[in-house]
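Below is one structure, written out as structure tokens; the observations come after it.
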Amino acid sequence: MISAHALPTLPPAADLAGIAVFALSGALLAAQLRQTFVTMVFFALVTGVGGGTVRDLLIGAPVFWVRDPWVAPVCLTTALVAWFTPTRWWEGRFLEWADAVGLAAYAVIGSAKALAWGVEPVPAWMMGVITGCVGGIIRDVLAGRPSILMRPELYVTAAALSAAVCIGGTVAGLPGALVWPLAAFAGFALRGAALARGIALPGYRG
Amino acid sequence: MISAHALPTLPPAADLAGIAVFALSGALLAAQLRQTFVTMVFFALVTGVGGGTVRDLLIGAPVFWVRDPWVAPVCLTTALVAWFTPTRWWEGRFLEWADAVGLAAYAVIGSAKALAWGVEPVPAWMMGVITGCVGGIIRDVLAGRPSILMRPELYVTAAALSAAVCIGGTVAGLPGALVWPLAAFAGFALRGAALARGIALPGYRG
Amino acid sequence: MISAHALPTLPPAADLAGIAVFALSGALLAAQLRQTFVTMVFFALVTGVGGGTVRDLLIGAPVFWVRDPWVAPVCLTTALVAWFTPTRWWEGRFLEWADAVGLAAYAVIGSAKALAWGVEPVPAWMMGVITGCVGGIIRDVLAGRPSILMRPELYVTAAALSAAVCIGGTVAGLPGALVWPLAAFAGFALRGAALARGIALPGYRG
């Protein structure tokens, strides 16, 4: 099942930090909606691990957080922090930029993991997009609000760029140490441009 | 994959009765919405088996109802009963109390099954909550109405209490014959207090 | 895991054509909603492969499109076609009739695949319904509009008829070459009658 492709791994602390950023965005949405602490934990978990969970189910890998002793407690702790701090600490741009880093990093990790499990390039590209975006989409569907998928912002597109660079470079035989940082940077730069200048994709005009 | 933890099993009739109660709550929502019989079957199935299905997918167990000859027919029969009886037979408090029993029982079964499959304690606790609550959440999302997750009622919290007592007692090495009934009773008592006195959790106040 | 039941396979071109029809219905919904190209690809993929994906996860089979080199590119190409053509090319009845063919064909394929994987008859029947309908349901939930599941049209019912004939005939020991076309025709005829004459199921009247 495992092919010869290598798998990028974040240092464990960076990986957990990335999950915590996603989890925080879920917990803060629950706070905005004036929800209870239990709901906040649920949103933190779904947003933090949702994308990677769907990827692992699709490629047939064991779901990454179920047998990990740290990921679920990190989501729980994030919800605790969100509950006991004023939301204005987290408002503004810090969280959006942290989320942009996470989006690009997880799009690369997700597509590289899919390649490493022997998935074909086009589906592996889609796995990268899913890893970066699906947690936020499930969060928005549960909250009953229009998901990032339905907004013209360059969000899903940034994940798609990172995953495409990762797949393209790997298939071309370039070393991971070169491809992975480059791929993550490309998606982060695009998402950053969208945040800084409000760039959006055009909608269908018929 | 299977650890040394034991697995609580309900007597088969009690297990099917629990699934039928959840399935009935799905079928009755379809009836309230004046849906067709086919939709009613779909809702009965999703609500009856949704939580356990998500748990089994996450922990990598075979999905419990797919190879079982009884569970799917029970959901189908429940939908038939709901279709041919007036909804007022089922309105009022009977169904809520039956659902409270099912919620507590399935939170215990779900967390104990996850432990038995070698899942770490914190994710196993979350598997208990998922087993008890996710069927109803999917049902509400499909119906386009705010899910129990977004209401302040002590519902998800009751499942969380049952699962926590189950995990805590098992990790402490207490025998299942003591822990499981105690855990189920704790969650049922909390849910019962919420039903009898309208207790709710506080929302986030910033 | 694999039982003695045979598995119907469409000729590869017909199979990809069926996926493309479902994917096109997803892409066109994104076009109607004036979404971006990236969203259109996401909708094409989810609608094209969603039902079969859920079926494969439930029965424990490898997800059919993840290791296939053609399915994901077909969904991508379909989205490109939808983006660069005026929607009026696709409006009107052509797409509805193509969708009716796909619905009946995939209900048969899904239930036969479940039987071939050793699933019991009643759950296998439900797998057929899921394969035909769930892609469209996820598409509608993501778009935030009432799904086909909540409309009285004979849609889910047509899939249920095809799957039931397929299961019934196979369990009765009839040869697949006879059962599969008959089952697909039955569901297609029912869906066609609904399209041609606006037949709908009655809703629950209490």
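For this structure, a couple of remarks:
The chains carry the letters A, B and C, assigned in the order they are written, with residues numbered from 1 in each.
What we mean here is this: contacts are C-beta pairs under 8 Å (C-beta built on N, C-alpha and C of every residue); 3 or more make two chains touch, one makes a residue touch a chain.
Note that the structure is predicted; figures quoted are calculated from it, not measured.
Of all residue numbers seen at the chain A-chain C contact, under half occur in both copies; the interface is built from largely non-matching residues. With angles rounded to a multiple of 5, the C-alpha fit of chain A against chain B returns 120 degrees of rotation. One inter-chain figure worth recording: chain A and chain C are separated by 29 Å, centre to centre, where each centre is the mean of the chain's CA atoms. Residues of chain C found to touch two or more other chains are 57, 141.
Residues of chain C that touch chain A in their complex: 30-31, 33-40, 42, 45, 53, 57, 62-63, 65-69, 71-73, 76, 83, 86-88, 141-144. Listed in rising order, the residues of chain C touching chain B in the complex are 57-60, 114, 118-120, 122-123, 126-127, 129, 137, 141, 146-147, 149-150, 152, 156-157, 160, 200-206.
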